[in-house]
Structures are given as C-alpha cells and as structure tokens.
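Each of the next two complexes has subunit A plus one more chain, namely subunit B in the first and subunit C in the second.
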Partner chain A sequence: MKNFRYIGKEAPRPDSADKAAGKAHYIHDLQRPGMLYGKIKFSEHPHARIKHIDTSKAERLAGVRAVITANNTPEIRFGFLRDNLALKKDKVRQYRDEIAAVAAIDPDIAEEAIDLIEVEYEPLPGLFSPEEAMKKGAPLIHDTDVQGRPRTDNLLSLQFHHESGNLGDGKRASEYLIEREYSTPLVQQSCLGTAGCIAEFDMNNNLTIWAKTQIPFLAQRDFNRALSDMGLQGKNSRVIVPTLGGGFGSGLDTHAYEYIAILLAFQTGRPVKIVYNREEEFAYLSPRQSTQSRIAQGCDRNGKLTFREVEVLQDNGAYTSWGATYPSVMMLPATSLYRVSNIYFNARLVYTNNTYCQAMRGYGNPELNWALESNMDELAEEAGIDPFEFRMINCNEPGETTPMGLKVSTCGLKECLESVAQKLDWKKKHKKSNLRGVGMASLIHVGGGGRIYRSDASGLILKLDDFGNVYAYHGGVEMGQGLHSVLTLAIAEALGVRPENVFINPTDTGTCPWDIGTHASRGAFMACNTAILAANKLRDKIFELAEEVFPKEVEKNLKKFREKNPGYNPPEFDFKKEAKSDCFELQDGFIFIKKGPREAWLRLELARLLRAVHFRNQGQMLTAEVFYDPPNVLPDFEKGFGNISATYAYGTQGAEVEVDVETGEIRILHLVAAHDVGKVLNPLALKGQIYGALAQGVGYALYEELQSQQGKIMNPNFRDYKIPTALDMDFPIDLEFIETDDSFGPFGAKGVAEPGLVPTAPAIANAIFDAVGVRIRDLPITPQKVLVALNKLKQSQETPRRKRVNKGT
Partner chain B sequence: MTLSNIVYYEPRTLTEIFKLLKGLNSVRVMAGGTDLLVDLKQGLIDTRNIISLHKIRELKGIEKKNNTIKIGALTSIQEIISNSLINQHIPALADAAKSMASHQVRSLATIGGNICSAVPSADLPPPLIAAEATVDLKCLGSSREVPLSDFFRGPRETICRKEELLTSIFIPLQPPNTGMSYKKFTPREATALAVASVAASLTLKNGVIAKAVIVLGAVAPTPVMALKASKSLTTKEPSEDSFQETALTAKEESKPISDIRGSIWFRKELIYVLTRRALDEALSRAQGKLE
Partner chain C sequence: MKTEISFQLNGEEVTVMAEAHYRLIDLLRGPLGLTGTKEGCGEGECGACTVIVNGRAVNSCLYPALEIEGKSVTTIEGLLGPRNRPSILQQGFIDHGAIQCGFCTPGMIMSAKALLDSNPEPSEEEIREALLGNLCRCTGYVQIVEAVKKAANELKRMS
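Then we have the complex of A and B:
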C-alpha cells in the first residue's frame, strides 16, 4: 500500500472543537429577522374520518399569525409513493397525522393555539399489525392509489424478490436444515439534535429553507414540486443544511413539517421555524421499521450451505417513505453473505395504522442480519459444527460474483472472522457453559456507493484563494459522522496542501454541486473519490502555470538566498530547463521539481504562484469541478439482480456476555469488532464511528423498542425509550481494521458508516445462547424475555427426566 | 402545555410559604423541579401557581441530634450520597440515592421531592420506611410527625394536606447489629426507573433475628411493607433456607401491575430474587462484614 502524508494518520475532526464549545449552530440556534414559530396539531386517533375542524378560537388568540388546515391550503403530496399529504384532508391513518398548524410570534402562543383547535372525528377500526392488515376483508387504509385507482388490499405495490438455483435441489442436498422466525422492533434514530427547519420566501417567491436533511438535492426537487403545487410554478427552493446533531437516516426523506413550514411562511410572508421537541421527535418522526422474517437454511455433512430461503414481512405504517425500500438492502445479506447457491428471497410490505417508518442506519441490513446470523448459529448447533468454523467454511472470497450479481472486488471477511475468534479467545471460551458465553456474527454491506436511484453521483468544486487556501463545495452532509474530516484529509493528500488550509463550506444547494444524498455509507467513498479527481484537475492547472511562474520566482528566491548567504554555491541543477508541467510536485503547499535537489530556495509557495497569476494582466484564479458517478448499476429489485455498489464492506463482531439466570440480566464483558474498511482514512474518526455504532448496536440488541399500543407510542422520551448510557458501555472494546486496499476506493477505502451496528445484536444473541442455552428471536433481548426463556428451558429439561423416572417405576 | 400562565413564587421564609399554601387555590410546591416541571410540560398535572422552596436555607442539610438523623426536605440526592452521617449510619439510603437518575438530575432533585411525588417506583421511600423514618408536616400554626409508612395513599397521592409542607425527615439511629440493604432492578445502568425494588433491614440479637423489615417498591400503588415476610424472619436464625422462604412470601405479598417496564410475572420473580439478595447484604452488614 502507498505511503500517505495525511491519510491514515490520526487527526482531530475540524468540527469537533466548535461542537464541544457550543459554538456550532444547529437548527435550534438559528434565528431569522421577523421569524415566526410554527406548531402542528396532530391526530388524536389512529384511524378516523375528519368530520370537522374548528380553528376559530386559535385564530382569535393574540399573537397568532396564521392557522392552516387542508381546507385553506393547496394540497401537497409527498413521500416515496406520494401517498402522504402535508395536511390531512378527509381521513387520518395514524396517531401522528398532521391536521392543522399555526404560526405565532412565540413558541408558547403557538402551543396554546394548537390546544384551541377542535377536531371532530368519526373513528374507524384500526389495523395494528401486518397480520391484521393482510386479513381478507380488512378495512382499507388507503382506498385508492396515487393515480386514483381503487385498491383491493393493504399490501404495497413494491416488489422485492430474488430466486437463484433450485430450492428443491438445495433442500434435498441438505443433511441438516433449520427453519425459524425472527422479529425486530420499531427503533428510533435518537438524534441528539431533533428535527426542524426554517422556511423563508423572498419577494420573488423563491424559497430558502434551512433543513435538517441528508438529501439536500432530492429535497430541493421535492420542495420545488411543492412550490408548483402551491401555484408557484418555476419558482426555486434553496436548501441550506445547518450543523446537524445526528442523522442516522432520519434525514433521507422530506417531512410533512417541512411542507407545513413552507405553507405557513408563504401565507404569513415571514420566516417560519418548526422544531420538534423530544416528545414530538419520538412520537411524530418516523422510526426504523419493525420486521418479521422466516429463514430456512440447510447445509451438507461438511457444513457447506446448501440453500437459503428468506421471507420478510415489513410493517410499513400508514404512509410510504424511502425507508420502505429496506428490502433492496436486505437482498445483499440474503443472497451474498457467505457462499450459498439455491436462494429464495421475498419481501412484502403492508400498510397499517401504526406510525409510518423511514430509513435508519443500516437500512434493512440490521433487521435481516439479525435473523440470518442468528439462524447461522442455530444451523451450526443443529449440525454440531463450531459456529466460527461454520462461517469459515462458507466464507466469501475476493473475486467472486454472488448470486445477486454483486462483484466482490476485495473481501476481508476471512481475516475479520479470524481476528474476532482470536481476540475473543474463542477456542478456549466457546461451549464452556459457565453462564458466560461468546458469540459472533458477520456482515456484508455496500461499500462503494449504493445505486438506488438513477444517479449515484456526487460533485465537488475546489476553489483556491490568494493565500493558498482550498475551499471545498461538496453536496454531501456532515451530520456528526466525520465526513468533513476525511474530505479535508483527502483534499490535502490528493492536492498536496496542508489540512489546515482546507475549508469545507456549508452544504447548500445554491453553491454546491449535486449529490444524491449522504446515505448507504457512501459519504467518505464518494467525497474522497471526487477529492482525488478534482485535485488532479487542479494540480494539472497549477503545474501548467508553474512552467511560467516557477523559474521567475525561484530566481528571486535564489537571489535573496545568496544575499543572506554570501559565498553559497548552488548545486548543479538547471531549474529553468527542468521546470516543465509534468516535472513538478506539490506538497504541503509548496511546488518542487520532482527530481531536483531539496534546497530551501528551490521551491515555490503555492500562494505566491496563485497571486502571481491572479494579479497579472488578464489574470486568472483557479477552480476545479468534478462529477463522479461510481461504476455500479441500479439493480432490478423485482428480480433481485444487479451490482448495486462498486465495492462491498465486510466485517465480523464478537461478544462475550454473562447472564444472571435469576433476573435474566445480560452483562456484556467484551466486544470485538473487525471490519474490512479497505483503508483507514482517519483512525481517530473511524474508531469514534465504530464505538458509536457499537453503542447503537448494543441498544438494538438489549434496550431499544419504541412501544406502540393501538398505534400510539407509549414511551416517547429518553426515560422510557432506553439507549445505552456510558455506564452501559463500560467494558473493553477491541477494534481491528482490515485493509484490503480496494481499487475502486479512494486511497483504497470502502464505506464503513453503517456496518458498525449491523451484526452487533446477533453476535450478542449468539453469545447468550452459548452462555445459558436460550435463544431469543425477537429484539430487543430484555431480561424479562431471557428469564421467560430460561424458565421454559428448565421446564423442558425437567419434564423428560420426570417421564423417564416414571417409566422406570 | 406551556408554563407561561403560571404564577411563580419564590418566598424567603417558611411563614410566607404557609400563608401562600393556605391562600392560593391551585398550587404546587417545587423543590428540585425534576418531576414537577416534566409533569407540567407533559400535561400530567395542572396548576396556576408554583411555590419554589429554593430560597429556604433551613430546609437544607443533614444533622444528627440525640438518636436521630434529621434530613431537610430540600437536601439534594447528591448531598445524601456524599454525606458521612448517611454513609455511616444508613448506607442503604446512600445506595438508593446513588442508583437514581443521572448526576445532573441528582444534583437538583431533593429527598422531599422524591417522597412527595409519591411515584410507586421512587427509590428513597423503601429504605426510609425500612429504617422507620418519620416525616414532619408543617402548616401555619401547627405541625405533625407521621411515620413515612403511613404517608402514601396511592400513585402521586399522599396524606399531605394542601396547606401542609413536608419539612424534614427523621431517621432513628438503628439499634446495634442492624444491617440494611436496598436492591433495585433496572433495565440499564443509569437514568432508569426501578422495575422492582426491595429494601431490607435486619437486627440481630444473640445470633437470632430480633427484627426484620422488608419494603417493596414499584410493585404496588405505593411502597409497601411485606408484613408477612418481615414477620416470618423474627426469632429465626438467618439462613439460606429461611431467606428463600421469606423471599417467596414477599413475592406472594407483592401486587405489581404489567406495564411497559415489566409484566406482573417478571416483577414477582424480581421481588423474589431482590428480597433474597437484599437480605443477604443486610445480614452481612448486620454482622459487620461489609464496610
């Protein structure tokens, strides 16, 4: 692997000091002159007809500037299937449906006004599980589709399907076979910075919106469509992304509150801010889907996988977001984690009157990985094979093309598995039955972009100033994951300047080139690839100009040097002759001649070159722009085929746990995470990202569940919705990064943003099984579930024994 | 709901407070505010007036007088944790305090507030009841001292009258060879309410249990004494068997509900385990084996 100057070296993130000091400005901190505060009236029923809305009292309240409902505003449709309305008209389909909104001069008045709005409902029967919603004759949640055609059931029209090989052959070839069902709960992204936006119109009716989003350019498209719906055809929206306090997928869609802020801003002619408080964030923002999956797998006598059958049922909630396309990512592990031929995969999505869901870190992968990697251990147990050996037998390899058509360029899965086994002391600790146990689980994820849209591209503009500083305009979103850190290092490395001279501008659709969005672990992969391309372009320009500037300026250098050092004899080197564009090198902001001697005077500061060409007659300044679309394809999801990413990330995680058999409490003693990251860009940032992901993975495994009763969220706060605290992460964590130097990756790197939480839960569940012999198949693994399972296990162990005694007497 | 329509009082003397309590109609007293403000924001309670106690110095502090430890109602949870009198005489109360919420909340929240909020899962009442604490209820011109075990009437309901203020908590110094323990089950290490909790106090005399008090938390509308279980231990020699039997009795005596934090079955199982563990620790402390 190449030696790098900045890449791979620990560097503090450029945004961390401001964030630690409270100087970063989140949406909550932003103010606009004359700004009003918006507040939303949400439905009090999960499924009901709206009979009447009385806003008269709210309108009369002093300080209220606007009260809107579907009755006095244009209809704005949005969502992945455009089945959602900014303000609901005739019917509510979930507790959080937006019925009315107000704008007032302060947040308290807005809240008071909301309480004065009276809504008359006619309740309808609710459907709160996919099973209920799929029953024959179940009430329809949506009577028609977006085109107005009548619907006949509650299933979504989206199809995600894959078949390869022959399932029957696979089953016949199986010596061991296991079929089980698994489930995952609703989970909240739990961003520390809650959702919000400020919408503001200028006098030409163009919109500026400060939005907490991960998809500024798709949001621009959505908002422009909304402007059109409002009768403002041809008007534009500019999306500015403030500092984000976390995204985790919650910014992959546009939201009703954003359209409501736009409507209120247009109606009042003043900027309108809507920010969710914590309770609203929990109850009214879309969480991660709940899923149920059935997995059947088999293997032959030698432990080779013979087939895999996967069926997923996903509770979509009442409306459809991008998150409904989770199965597009579930296909990756279903078809391509470990080598298996003879595959069946099918996913169904069902409308219910539960809260509608959206993307969250991992995007379907943690859900299916939970089922698959639990099932791998169950099959290994059935076959009497060590789960580590079982995984090694079926391990993916570089160069393979998987049944889904994924082209595996590099693959460090074997190294990851071995690293986890070694760090857990697997051979010594596995199957010890002393209330302590070890478990592991692996993952595959997109690591080179993820094409789920017709473009998977990302652009970058680099601008140089008179002082040798580089300004980057990039459409990707820094949301706390460290994108700006690696982009800074990549630009510094690729161009040859110091990281201190690189500045990343705020993401703004008005200044930055297009980017599909910061999702699919693509941020670093895409941004750093654009950095390399743009730096090359810029350096070519610099070196071309240096041909002319370098000899003159270096001559001056030499003169000065000689004045200071009389008697100095310069080495034999004709720098005027050697100063050709292809002979230069740029490092730390200085231009050298590659093969020249490294004399202090024999170099040109980039800033001097820039000033020289700027201030001469017909001067010029340097910028470079690139647009990079990675070499991947948009898969056919109905057939489940296509190389969705340029490269794939692999990883294995391991856990050692101890179980209190009296209370069911689980104590994690040790976590190990080994990830094939291609190349470590910034070890400090990467470690932080994996530590955070592991905490989120531990939350998914042991604590987190948004509890919904008849469609209502019962724990909308951090007291009752539990994410791990620092005290719950108080155990040793070993990280290992496998560098496979991927040829598509910038500096060899793959994406690694999501993988850190994907296999954590099954690794812990497998460790619990190893410790006490109980298998929990529905997340989260609460002490209560473990205690119930332990009791059942005890009874089943006692019952046969008693029977045997009876026989004997 | 918004707090803008609430009148906020910050009196400097107890007399002023008593007058306000008597004169105002819709009124709540605020100590640390960590329960009250959250409940107000969530619309769980409704009030027109709030009287803050935080300027009343005399309600703060812990002192020993004769054979009693007096804790001012406004003493913060954090002060209880780091107070040497408490750690020396009733370490179980410090344990309970340590298990609460987070450092930030503990610095604001007070013992009086924890008692008066009367939440079934509150952490301080069980060890206080096990230590036979009493509370002082004062109003204009009169005061009464009642055992804490008689103080609670239901979830968020106490015998404290509208014009009364809980000013102090009195804990009698425990007889020699007494050990106490507080055990609590939470789904995570910090910022978690008890799913079930048990406080136990054992007094030994000549190797025999002279007195036992077992108090259960979060498994009934109020903290409750497990009377049968407590009684079953008196005059017995402490042993694994007797503790197990007592724990089973406590489990039967508990009357939990099922909610998002745990089912009836699970809570009863926990009472069994926690009672045994609390008795074990109380015994070790009574025998001087701990601390």
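Then we have the complex of A and C:
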C-alpha cells in the first residue's frame, strides 16, 4: 500500500474543540429575530375518524399567533409512497398523528395552547400486528392509494423478492436442515440531540429551513413540492444543516413537523421553530421497524450450504417512509453472506395502526443478520460442526459474483473470522459448558455507496483563496460520525496542503453541490472519492500555472537566499528547464519539482502562486468542481438482482459472555470486532465509529425495545427505554481492522459506519447458547426470556436435542 | 412573577431576573445566553445538562433556578484555560477521539471535571461510575474513559 502523509494517521476532528467548549450550535441553540415556537397536537387514538376539532380556546390565548389544522391549511402530502399528510384531515391512523399545531411567542404558551385544543373522535378498530392486519376482512388502514384507487388489503405494494438456483434441489442435497423463526423489536435511534427545525420565509416567498436532516437535497425536493401544494409554485426552499447531534437514520426522511413549521411560518410571516422534547422524540418520531423472519437453511455432510430460504414480515406502521425499503438491504445478507446457491427471499410489508417506522443504522441488515447468523449457528449445531469452521467452509472470497449479482472486488471475511477466533481464544473456550460461552457472527454490507435511487452521486467544490486555504463545499452531512474529519484529511492528502488550511463549509443546498444523502455508510467513501477527483483537477491547474510562475518566483527565492548566504553554491539543477507541469509536486502547501534537490529556496508556496495568478491582468482564482457517481447499479428489487454497491464491507464480531442461571442476566466479558474496512482513513475516528456501533449493538441485543401497546409507545423516556451507559460497556473490546485496499475505495477505503452494529446481537446470542444451551430468537435477550428458556431446557433435558432430518423434506 | 437572583457564574458575580418556574438550565440558556449546556431529556436521565454547583455535578434541568441564589455555578463555558484555550480535560476529549456528535460532550466533561476535582486519581471503575448519569449514543464511552484517564495523568504531572 502507498505511504500517505495524513491518511491512516490519528487526527483529532476539526470540530471537536468547539464541541468540547460548548460552542457548536445545534438546532436547539439557533434563534432567528422574531422567531415563534411551534407545537403539535397529536392524536389520542390509534385509529379513529376526526369528527370535530375546536381550536377557539387556543386561538384566544394571549401570545398565540397561529393555530392550524387540515381545515385551514392546504393539503401537504409526503412520504416515500406519499401516503402521509402533514396535518390529518378525516382520520387518524396512529397515536402520533398530527391533528393541529400552534405558533406562539414562547414555548410555554405554545404548550398551553395545544392543551386547549379539543378534538372529537369516532374510534375505529385498530390493527396492531401484521398478522391481524393481513387477516381477510381486516379493516383497511388506507381506503385508497395515493392515486385514489380503492385498496383491498393492508399489504404494501412494494415488492422485494429474489430467487436463484432451485430450492428443491438444494433441499434434496441437504444432509442437515434447520428452519426457525426470529423477531426483532422497534428500536429508537436515541440521538442525544432531538429532532427540530426552523422555517422562515423571505418577502419573495422563498423558504429557508434549518433542518436536522441527513438528506438536504432530497428534502429540498420534498419541501419545494410542499411549497407548490401551498400555492407557491416555482418558489424554492434552501436547506441549511446545523450541527446535528446524531442522526443514525432518523434524518433520512422529511417529517410532518417540518411541513407544519413551514405552514406556521407562512401563515404568521415569522420564523417558526419546532424542536421535539425527549418524550416527543420517543413517541412521535419514527423508530427502527420491527420484523419477523423465517429462515430455513441446509448443508451437506461437509458443511457446505445447500440452500437458503428467507421470508420477512415487516410491520410498516401507518405510513410509509424510506425505511420501508429495508428489504433492499436485507437482500445482501440473504443472498450473499457466505457462499450459497439455491435461494429464495421474499419480504412483505404491512400497514398497521402502530407508529410508522423509518431508517436506522444498518437499514434492515441488523434485523436480517440477527436471524441469519443465529440460524447459521443452529445449523452448525445440527450438523455437529464447529460454528467457526462452518463459517470458514462457506466463506466469501474476493472476485466472486454472488447470486444477487454483487461483484465482490475485495473481501477480508476470512481474515475477520480468523482474527475473531484467535482473539476470543475460540478453540480453548468454545463448547466448555461452564456458564461462559463464546459466539461469533459475520456481516456483509454496502461499502461503496448504495444505489437505492436514480443517482447515488455526490458533488464537491473546492475553492482556493489568496492565502493557500481550501474551502470545501460538499452536500454530505456531518452528523457526528466524522465525515468532515475524513474529508479534511482526504483533501489535504490528495491536494497536498496541510489539514489546518482546509475548511469544510456548512452543508447548505444553496452553496453545496447535490448529494443523495448521508446513508448506506457512503459518507466517507463518496466524500473522499470526490476529494481525490477535485484535488487532481486543481493540481492540474496549479501545475499548469506553475510552469510560468515557478521559475520566476524561485529565481527571486534564490536571489534572497544568496543575499543571506553569500558563499552559497546552488546544486547543479536547471529548474527553468525542469519546470514542466508534469514534473511538479505539491505537498503541505509547497510546490516543488519532483526530481529536483530539496533546497529551501527551490520551492514555491502555493499561496504565492495563487496571488501571482490572481493579481495580474486577466487574473484568475482557482476552483474545481466534481460530481462522482460510483460504478454500481440500481437493482431490480422485484427480482433481487443488481450490483448495488461499488464494493462491499465485511466483518466478524465475537462475544464472550457469562450467564447467571439464577437471574437470567447476561454479563459480557469480552467483545471482538474485526472489520474489513479497505483502508483505515483516521484510526481515531474509525475506532470511535466501531466502539459506538458496538454499544448500539449491545443495546439491540440485550435491552432496547420501544414498547408499543395497542399502538401507544409505553416507554418514551430514557428511564424506561434503556440505552447502554458507561457501566454497561465496562468490558474489554478488541478491534481489528483488515485492510484489503479496495480499488474502488478512496485510498483503498470502504464504508464502515453501519457494519459495527450489524452482527453484535447474533454474536451475543450465539455465545449465550454456547454458555448455557438456550437459544433466544426474539430480541432483546432479556433476563426473563433467558430464565424461561433455561426452565424449558431443564424440562426437556431427557429428549435428545440433535435430530437428523430426512433427505428431501 | 420574576425574582431577582444573584450567584457566582464561572467566577463572576451575576444578577438576573428569573421566572418562578425556571429551572437552572432555562436561566443559563435563556437570559444568560450560555447555550453550551444542552437539554437532552429534561428529566435528569441523560446528563447532557450537567453543570457544577458548589463543587458538585448536578442536572441543571432538575435544579430550580431560584435555589441558585448565592451559590457558585460552573458551566462548560467556564472551563476554558488561559487565553481561552481548551483546558487539559477538554484537550483530552479532543485528542482521544472522545467526541462525535458532541451533544453529550459538555455534560460529560462537567461530570468528569467534578470527579477529577474531588478525586484526582480515579480508577477506571470510578470514572465509569462518575459518568453513569451521562448518556452517549455515539462513542460507546471507550475513548471518553481514556480521555478522562489521560487528563487525570496530565493534571497530576502538572501539579
């Protein structure tokens, strides 16, 4: 691998000093002159007709500037299938449905006004599980589709399907076969910084919105459509992204509260801010979807996988977000994690009266990986093969094209598996039955963008000033993950300037080039690829100009140098002749001739060149602009085929746990995470990403669950919805980064933001099985579930666990 | 009904009018304009609003503003060292990658500061105990704990 000056070395983030000093400004901290505070009245029923809304008392409250409902505002339709309304008109379909909103001069008055709004409902029967909602004759949650055509059931029209090989052949070839069902709960992103926005119109009716979003440009498109719905055809919205306070997928859609702020701002002619409090964040923002999966897999007597059958049922909730496309990512592990032919995959999504869901880190992968990697261990157990060996036998390899058509450019899965086995001391600790156990699970994820939209592109503009500084305008979103840190290093590295001279501008649709959004672990992959392309363009321009400027300026340098050092004898080198555009190098802000001697005078400060070409007749300033769309394709999701990403990230995680058989409690003793990252860009930031993802993985495995009862969120606070604390994470963690130097990756790197939490839960579940022989198939693995399973196991000790299946079943 | 209250804020005497229902965080973020203190939950569960009152880390979202009369308050804004450079503890967070989205950071640093003021050589266990009330969703706490340890060593070396 190439030697880099900045890439691969530990570097503190450029934004960390401001954050450490309390000087970073989140949406919560922003104020606009004359700003009003918006508040939303949410539904008190999961499914009901709205008979009457009385806002008269709220309107009379001093300090209230506007009260809006669907009755006095234009209809704004939004969402992935445009099945959601900013303010609900005739019917509510979930507890959190937005019925009315107020804008007031302070937040307390806004809250008081909301309590004065009276709504009369006619309750309708609710559907709170996909099974109920799929029953024949179940009430329809949406009577019509967006086009107004009558619907006949509660199934979504979205299709996610894959078939390859021949399932029957695969089953017949199976010596061992296992079929099990698994489930995952609703999980909340739990950003420490809650959701919010400020909407403001200028006198030309153009909108500026400061939004906590991961998709500024898709949001601009959505908001412009809303402006059109409001009768403001041709008007524009400018989306500015403040310091984010965490994203984890919660910013991958536009939200009703944003449209409500827009409506209130338009109505009042004043800026309106809506920020969710923690209870609202838990109860009224969309969480990770709950899923149920059925998985059947088989293998031959040598442990070679023979077939895989996967069916997923996803509770969509009442409306449809981008999160409904989770199965587009589930297809990756279903078809391509380990080598298997003869595959069936199908996912169904069902409307219910539960809270509607959206993206969260991993985007369907943790859900399916949970089922698949649990099932891999169950099949290994059935076949009497060591789970580590079983994975090695079926391991993916570089150069293969998977049944989904994924082109595997590089693959470090084997190294990841071996690393985890070694760090866990697998051979010594596995199958020791001493209430301690070890387990592992692997993953595949997109690592080179992820095309789920017509464009998977990202742009970058670099602008140089008179002082050798570089300003970057990039549409990706820094949400805490460190995007601006790697972008800074990539620009410094690729252009040849010092990181201190690189400034990343705030993400703003008014100044930055288009970007599809910060999702699919694509931020660093895309940004750094654009940095390399833009830097190359700038270097070409700089070196072309240097042909003329360099000899002149260096001559001046030499003259000064000789004045200071009278006896100086310069080395024999004809710099005038050698000053050709393809002979220059730029490093740390200095231009020099590659093969020339490294004399202090024989180099030109970039800033001097920039001023020389700026302040002359017909002078110029240097900028470069690039737009990079990675070499991947938008898959046909109905057929489940297409190379969705330019490259793929692999990884294996291992856990050692101890189970308290009296209480059912799980104590994690050791976690190992080995990830094929292509190339480490900034070790400090990368470690932080994986440590943080592991904590989310531990939460997913052991306690996180948004409890929904008849559609109502019962634990909308950190007391009852527990995320890991510093004490919960008090065990050794080993990280191992496998560098496969991917040819599509910038500097060889792959995306790595999501993989860190994908296989954590099954690794822990597999370790629990190794420790005490119980298999928990529904997350989270609570002590109660473990105790119940332990009791069951005790009762069935006499029946033999291992059963051979008949061939051909 | 507004009440006048006086207290010491980041080493300076301040007098400010507070509504009766104000919490300390409202006073800090509102009339005093110190937005470094963050509100993450408003229920004392997340610790993002941690400030130091008379030497002890408290959740400013649970602290009635009127009770601050005559006391001494330190917020994240009061932590900067000479020439407004980051203090050793803040620098520890910066250098060890302990900051991601940064929303929990001011509260986290204030809890760590209260710990190191009372216990200059904490064990890892003591650090984790002291940070128990500060939730972080980004970092998994590993680099935060490292940062506090390194800052403690650095402070000891300097004393």
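Please note the rule applied: the second predicted complex is superposed on the first by the 797 of 809 C-alpha atoms of A that agree within 3 Å, B and C clash if a C-alpha of one lies under 4 Å from a C-alpha of the other, contacts with A are read in each partner's own complex, and residues count from 1 in each chain.
The definition used in the following text is that a contact is a pair of C-beta atoms (placed from the backbone, for glycine too) under 8 Å apart; a residue touches a chain by one contact, two chains touch by 3 or more.
What you are looking at is a predicted structure, and each value in this text was computed from that prediction instead of being measured.
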item: Which superposed partner A:718 touches (first subunit B, second subunit C, both, neither); value: both
item: First (subunit B), second (subunit C), both or neither touched by A:112; value: first
item: Residue contacts with subunit A in the superposition, subunit B compared against subunit C; value: C
item: First (subunit B), second (subunit C), both or neither touched by A:583; value: neither
item: Contacts of A:681 with subunit B and subunit C, given as first, second, both or neither; value: neither
item: Touching partner for A:703 - first (subunit B), second (subunit C), both, neither; value: first
item: Contacts of A:730 with subunit B and subunit C, given as first, second, both or neither; value: both
item: Partner chain in contact with A:783 - subunit B first, subunit C second, else both or neither; value: first
item: Subunit B and subunit C contact sites that coincide on subunit A, given as residue numbers; value: 718-719, 724-725, 727, 730
item: List of subunit A residues in touch with subunit C within their complex; value: 10, 12-13, 15-26, 28-29, 189-194, 243-248, 277-278, 479-482, 684-685, 687-688, 690-696, 717-719, 723-727, 729-730, 733
item: Residues of subunit A touching subunit B in the complex; value: 107-108, 111-112, 115, 279, 662-665, 703, 707, 714-715, 718-720, 722, 724-725, 727-728, 730, 782-784, 787-788
item: Touch list for subunit B against partner subunit A, complex; value: 1-4, 42, 102, 185, 187-193, 260-263, 265-266, 269-270, 273
item: In the complex with subunit A, residue positions of subunit C that touch it; value: 29, 34-43, 45-46, 48, 75-77, 79-80, 86, 90-91, 93-97, 99-106, 109, 124-125, 127-129, 131-132, 134-145
